[in-house]
Structures are given as structure tokens and as C-alpha cells.
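Next come the structures, one after another.
Both complexes shown next keep subunit A, but they swap its partner, so subunit B is in the first and subunit C is in the second.
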Partner chain A sequence: MKHLVRIPSPLRSYTAGAAQTYASGDTLTELLADLDSAHPGMCFRIIDEQQRIRPHIRLFINTREVSSLGAKLAARDEVHVICALSGG
Partner chain B sequence: MGSTLWVGTRKGAFTLRPDAKRRAWRLAGPQFLGHIVHHVVQDPRDPRRLVMAAKTGHLGPTVYTSEDRGRHWSEAKAPPAFRKVGEGETPRAVERVFWLSAGHASEPGVWFAGTAPAGLFRSTDHGVHWQPMAGFNDHPEFTKWAAGFRTPDGELLHSIRVDPRDARHLYVAISIGGVFESTDGGANWAPLNEGVAVDFLPDPNVAYGHDPHCVIQHPAAPDRLYQQNHCGIYRLDRPARRWQRIGQKMPKSIGDIGFPIVPHPRDPDTVWVFPMDGSKVWPRTSVGGRPAVYRSRNGGGSWQRLDKGLPRAQAWLTVLRQAMCADSEARIGLYFGTTHGEIWNGADGGESWRCIARHLPEIYSVTHAV
Partner chain C sequence: MLSAAERERYSRHLLLPEIGIAGQETLKAARVLIVGAGGLGSPAALYLAAAGIGTLALVDHDQIELSNLHRQILFDTADLGVAKAGAARARLAAQNPEITVHAHEVKLDADNAVELISRYDLVIDGSDRLPTRYLVNDVCVLLGKPLVSAAIHRFEGQAMTYVPTLGPCYRCLFPQSAGQMIPNCATAGVLGVLPGVLGSLQALEAIKVLTGIGKPLIGRFLTFDALDLRWQEFQFARRSDCAVCGDKPSIRTVQDSVAANESDTAAIERLEPQQLQALLGLAGAAITLIDVREPHEFSANHLAGALNIPLGELPRRMNEIAPDTKAVFICRSGGRSLAAALQAEQSGRSAIAHLEGGLLSWAATVDQSFVVAPLA
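Moving on, here comes the complex of A and B:
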């Protein structure tokens, strides 16, 4: 099933500027793989090579933050990729 | 073709190009505004090509490549990344790509990258796909070499040097860890730190654990290496294995601590350094607030102060290890960029200095491209 994915501004260079897109998957892992196939390179900027969410990235399913890429997705779930407010 | 300085900064990449007389410099950029650009390096085998190490504050690291002298860039399809670990292994992830070096002239397309945490990576297709070099990253001694004794900026692998005579002869350096050498293309490595002080460790005779800040292999005399270390300036003439501390010939009031060391493109006896205060809490700013470049013309036997045109007081400059370079003109131009965003040009090998750019973001690297 397809899910709405909200894209933060630092990643919109991968989506031709789009603030949201759709990707398929029953888990976050599957969704991210589908996202990356459509927007190559995006996922490595948010998930490291050990399949861990990068330190300044937060992933939400609807309003619930998740820390496991194995988190399951239900119909109509929305996924939010958030860049934690940090910088300088 | 003209000269270009590529400036990697905390907030993007900039270029500086001189007029025909090298008097006026035109600043352009930024490219990749907001990206942390650690290093931009021209391919000496094909000057149209450049490779850039970048990330942002939030996003993971990546590499960009250009085939048209930096007008357009493409992202690497497989940036440097450690291998996926198995059960019981300690996971590692590249936090940033810190250093880029082109491979041997006989291997067009080959590039090397050094990362934080320390890791060594290689590309064979001009920086598009990168693979970890297991001979180093998974060496049985690696966890001792890069023992997690980190600099405030983390553990950094840098100064990747490829012997121009032999593509299989490599040097790398780790802050903090030391200098390492391979003679078989990176399959095997050994420490190369004899004679280098390691004042911050209890045992002065350790084989590794040192803090080289920048290591250079002279392009015209590849048996000659220089090292600016946290604990002094050194020279090594191969096949010897023991470094000589040439920094002891620097004035005692100045010391021999700093980050960059720059070779003359043709004369192996001439090098330049930018000494900084390494006393007490290691301020790493110009000694006494009076910046100067020091030059040796005899392999470190003696040093000359070059400060004409530099500020005379209350100028607390920091120049990072990749932020100083020389061009290859008949009358050598030197360049350094500071952490407070200035670029200085030293004409005639540093005999006189002037500021050619101000108000840039924190500068991480200054490299010269033809």
C-alpha cells in the first residue's frame, strides 16, 4: 500500500522540490527502500550503513516517533521525515 | 587555462579566480549553500574533473563529482560507507568524508577518501561508487590504531598519499592514531611513527597513537616526507623509518605546533608551515596574536619568518590542515584560509601577504586547481 511521506527541505533536492511524495511498504524498511528506488541516494542521507536512523533525523508514523525501521505501517499511515532542529 | 582556488567552508563551496596579473581576485559562489564542504580536489590526471566531500548538519555524508571544472555536480551513487557488520561486531558509520586524494597517474578514475570516524575508501570510477578498503578498516590492529582517542572533531583519517612511482605504495594518517604505510595497494599496513613525539601519552615509545595533523610526500622527491604533528614538525627520508624533528630549529618563542604543512611544487627542501599556539590548553591561534608563515629552504635546517602584510597584533588566526596550499607558478603563490573566513595570498612564496577575500564562513579547505 502507498503511504504519504513528508519530506523536509534539506532532502527536497532528491524529490525535485516536492515537499511530499508517496512510497510503498508494510514496514518502514520497505517504505524507505521504495523511496530510495524512486529518489536514489536519499535514504543514505537519513539512514546509515548499519541501518540506523542518523542522529539528527527523526521518523514519525503519523504523530508517533519510531526508532525501529521494522515498525509496521497500517493503511493510510503517513510517514514524516524530520530533521531535528540543530545547526550553527 | 587559468588558476582557481577552491574553498571548502562550513556553509558551502566558493571559488577565487585571479586576473591575468594575479592582482585582483574574483570571488564566486557559494555552490551547495548550507552544505558542510570539507574538501574539493581537482583530478591531476584530468583537470576537468573535481571531487567534493560534503554533508549537511542533519544529513549523512556524501561526495559530489564534476566533469566540467565545477560548473555542474553529480552526487555519488554509493558514497563512502563502512560494511554492514555481523553479530557481535562493533558497528561503524561514516559521519563525514574528510579527505580526498586522487589515485596514481596510471590508474585514472581511482580516488581515495578518508573519513571520520577513521576509515579508508577507494573509488575506481572517478568518485561515483566507493568501497571500503578492508585491508585497513578491518586490519586486526585497527581498533588499537584508531583507539577512539578522538580529537574534538572526532577521529579523522587524512593525508592519503600515493607514491607517484608506485600505485601500490600508500601512506595515510589518523588523528589520533599515527602514520601508516602500505606497499601492496592497501592489503597490509604498518605504523610509521618512530621518532615522533607523543607528549600526551604516558609511553613515549609507542608504535602508534600519535597525532599527525598533516603529512605530505614531496611530489618531485617522493622519498622525502614531511609531517606537521600535534607534537612538532618532522621530516623523513626513506628508506629510513625514523622521523627527524626539524621543528626544533623553529624559534623557541614560536614553537613548532600547527595544522598545515605545504611543499614547494618543485623543490623538496622548501616547505611552509603556519605555526599556532600549542601551549597550555592548545589555543591553536597565531602565536601572540601575530600571525606568520614560516618557510624552510633546507629541509628544516633553518626557518624564516614571513609576515609582511599580515596583521601585527590582536589577530588570532586559526588555519586548518587542508586550508593552506601553493600554486605551481614560477613565482609561487601561497594561500591560506582562516576559520573566521579570510583568504590570504602570499606572493613570491610568502614574501608579502594580502587578504583577497573576507566574510566567508569558517574555512575548512583551500586547494588550487589549474
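Moving on, here comes the complex of A and C:
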């Protein structure tokens, strides 16, 4: 099941500047693995060595915040990767 | 009481039943502090001054540089080299002589944050450093002050509003920042008009919170993509385990806040360029220099003897760093190298350092012939 994934600007160096891409998976874990296979290295910027979402990154399925990488994805769900920005 | 001149100046506000005389008098009585007289602080300050916020203050310790002027619309070319806070006060006082403007020409830090913020009713965060954002958030929570926060990066912006007891704080959304690589405008660039959009939105939120009208961004995180002209809103809730506003907060003082931001990186040695130069000159020094920039940046120019392991490849290539040496991480400006050092520390290595300020600082202080490749 392919899902639209929106990429925050600090991570767009992994997607050749694209603000969105597509990745497959029935759960966030599967989706992130697929994302990383297409964009190597990107996943590590989202989750750490202990498979935890990094504290300056939030993941949303549509508009709902998710804290578990096991969260299931339904057809047409969009995944939003949000990164804390620091510029002022 | 509004004077006759004020009634005329704010007449279009007074026509709005949602504001009216009572709302305008509330704005006149309000005291607002803007942290950072930069891209966000400029439009926020201009609109809040125009709106008749009775006491408006800016805290900023920087001077105006030419590269600020494409977005920091408080300032003119003639202001170059002048302190931002002072120049902002002059501009705002000229714009609206009915209000009082204070300029705090200091860096907001643990020593002054409580004293400064306690003097105001609401805070607008337009700072450009993540540690300052956490400090401002934590102090606002500790003092019970509303906070309107926004941030920008390249073509993207984000905003949220914290009101004590009514919703989550910034740390509920992003629990911690230490050691993470989050570029600011100076390293990543920003479209000049972008902070105009987000800073104006901060002024709008401040007026809503102060006058009690509308529905502020409480528990709602707003993002803006300028290229696609896309606004998105995300719901988020107060975390019961939030370190500052949770049920059992570990941050109870400003010192706790600073410690929380520094704890992850305390074991990492921060080398100034001169210190690294001295270290490299030591005969027999057992160090491994790891440049964590991308290959195209590395191939353009790098320090002699440096090993190139891009940050994203570091977890699987950590074993390439000789075990009995001090691992010194370097990058362009010090963000990625600190993140790399943190990863090394978490992987169990000891003797870890990073170059503070990165190769840009190296080029500025040690070797002015060293050309640092752009990010892309």
C-alpha cells in the first residue's frame, strides 16, 4: 500500500529537494524502511539507534500525532514528517 | 482610557465589535516581549506597535548586518552596525509614539530570562537558536506566561501558541533538542518574505490571546510551505510526561532547563579552531579527524588527513574510526558534527570532540585561505 509522505525541508536533501514522495507499508515501521531504501540515510535522521522517533521529529498520520512506529496505516493515509525548525 | 488621538489612530479596531474600546484598552495595558529582533520579530513588532500594544519590548544582542536586510524589515541600510534592539526601538517609537518601547540589548540566557520574561504579559519567540527556544518555552511555562512561537527554514514555516493550563507547550511537541542537527537561516538560507508571513501571524495570535477573541493555535501546530502555498494544521496534546508542563516535571527552575538542553552533549569536548589547530600540530597525537559533510562538500575542500563519513552513513561506518584515538568530528558549521559526536557517544565511544562553529569558523579564524563548500 503506497502512501504520500511529506518531507520537511531539513530532510529534502535526501529526496533531491522534493517536498513529498511515496513509500509503501502497512505500518510506520514498514513505511520508514521503504523510505530508507529509496532515500538511503534518511531514516536515521527520523529515528535513532533504539528505533525511537527522534525528539526533534514528530510523525503524523493525516493530522493525528503518532508516537508508536507500529501505528497502522490505512489506504489513502498521508504521513507527515515534521522537524523542529530553529530559524527566526 | 484612550485619548482622542488614540481613538482616531485605532478607529478601525474600534469599529470591530470583537475589539471595540474595551479590547483596545486591553491592548494598551498589555506588555509584550519579543525575543529576537530578526526576521520574525520585525513584522511582529511592527504590527504590534501599530496595533497599540502599550508596552512593547525587544531582546536581542546582535548588530544589524547587510545580510539581515532582505527579511528584517525593521531596519534600513543606514542602520548597518547598529544594535538591533536599539534601532528597533527608534523605528517603533516613530511608528507609534503612543506606546512605550523597551530595548534589551542583551542575550537572553539563564541569568536573565526569568527576570526579563516576568516583566511581561506575553512572549513572542522569534529567536534563531533552538536552545533559546527551549529556554523561552520553559521559562514561560514556569512563570505561567502565554507564548507565541514560530520558526522558519528556507521556504517552510511553523507556528504554535501556548497558553498556561489551556494546552500543550513547545516541549510537548518536541521534547528535546540537544545535539540534533537543525540548521538556522544563517546556514540554510531563507526566502525573505517568509518570516513576514509567520511573524505577522505571531502578532495576530498575540492580539487574539490578549483580547480573548477567536481561536488561538492552542494544541494546534501550523505549518506553511511557501512554494506550494500549503498550510497544514496538526493536532497535538499536552504530554503527561512533558519535562516542564507534565504531571511530574523534571524542569522546575531555569537551571533545570539549561541542564536539560546540555545534558546529552556534556561528555563531548567542544574544540575551538585554535585548539584543533594545536591538536593537529602535536607530534604523535592519537586523533581521527572525521568530516561528516556530504561527499560533494568534502571533495571541494577538506582538512588534510580527514576521513569522510557523511552523517547519514555514520551508524554503519562507526567501526572505521580507530578505536584508540580521539574522534574529532568536523562539518561546515558545527551542527552535523555535534550530532555525529552525540551518535558516537551513544554508541559507547569515549574521547569524543567536535569543532565548534565548523569549518566556517576554521576559515574565519585559523586559515583564511580555506574555502568552505556551500551546502548544495
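The criterion applied here is as follows: the second predicted complex is superposed on the first by the 84 of 88 C-alpha atoms of A that agree within 3 Å, B and C clash if a C-alpha of one lies under 4 Å from a C-alpha of the other, contacts with A are read in each partner's own complex, and residues count from 1 in each chain.
In this text, a contact is a pair of C-beta atoms (placed from the backbone, for glycine too) under 8 Å apart; a residue touches a chain by one contact, two chains touch by 3 or more.
Computed from a prediction, not measured in an experiment: that's the story for all the values here.
S.K.: Superpose on subunit A as described above, then tell me if subunit B and subunit C fit or clash.
M.R.: Result for subunit B and subunit C: clash.
S.K.: Quick check for you: in the superposed arrangement, does A:Ala84 touch first (subunit B), second (subunit C), both or neither?
M.R.: Both subunit B and subunit C are touched by A:Ala84.
S.K.: In the superposed arrangement, which partner chain does A:Gly41 touch: subunit B (first), subunit C (second), both, or neither?
M.R.: both
S.K.: Name the contact category of A:Arg54: first (subunit B only), second (subunit C only), both, or neither.
M.R.: Both: A:Arg54 reaches subunit B and subunit C.
S.K.: Does subunit C touch more residues of subunit A than subunit B does, or is it the other way round?
M.R.: Result: the larger residue contact count on subunit A belongs to C.
S.K.: Just subunit B (first), just subunit C (second), both, or neither: which does A:Glu65 touch?
M.R.: In the superposed model, A:Glu65 contacts subunit C only, not subunit B.
S.K.: Quick one: is A:Leu11 in contact with subunit B, with subunit C, with both, or with neither? Answer first, second, both or neither.
M.R.: After superposing on A, A:Leu11 lies in contact with subunit B but is clear of subunit C.
S.K.: Give the one stretch of subunit B, out of 5-13, 239-247, 293-301 or 347-355, that collides with subunit C after superposing.
M.R.: Between subunit B and subunit C, the clashing stretch is 5-13.
S.K.: List the residues of subunit A that touch subunit B in one complex and subunit C in the other.
M.R.: In the superposed arrangement, which is not itself an observed complex, subunit A uses residues 8, 10, 40-41, 44-45, 48-49, 54, 56, 83-84, 86-88 for both subunit B and subunit C.
S.K.: Can you list the residues on subunit A that touch subunit B in the complex?
M.R.: That would be residues 8, 10-11, 40-41, 44-52, 54, 56-57, 83-84, 86-88 of subunit A.
S.K.: Applying the document's contact rule, which stretches of subunit A touch subunit C when the two form their complex?
M.R.: 6, 8-10, 13-14, 19, 40-42, 44-45, 48-49, 54-56, 58, 60, 63-65, 80, 82-88
S.K.: Please output the residues of subunit C touching subunit A within their complex, sorted ascending.
M.R.: My answer: residues 36, 38-41, 125-130, 133, 150-158, 173-177, 180-185, 188, 190, 195, 221, 223, 225, 227-228, 232-237, 294, 310-313, 315, 343, 346-347, 375-376.
S.K.: Once bound in the complex, which stretches of subunit B touch subunit A?
M.R.: Counting only subunit B, the residues touching subunit A are 56-60, 62, 75-77, 79, 81-85, 91-94.
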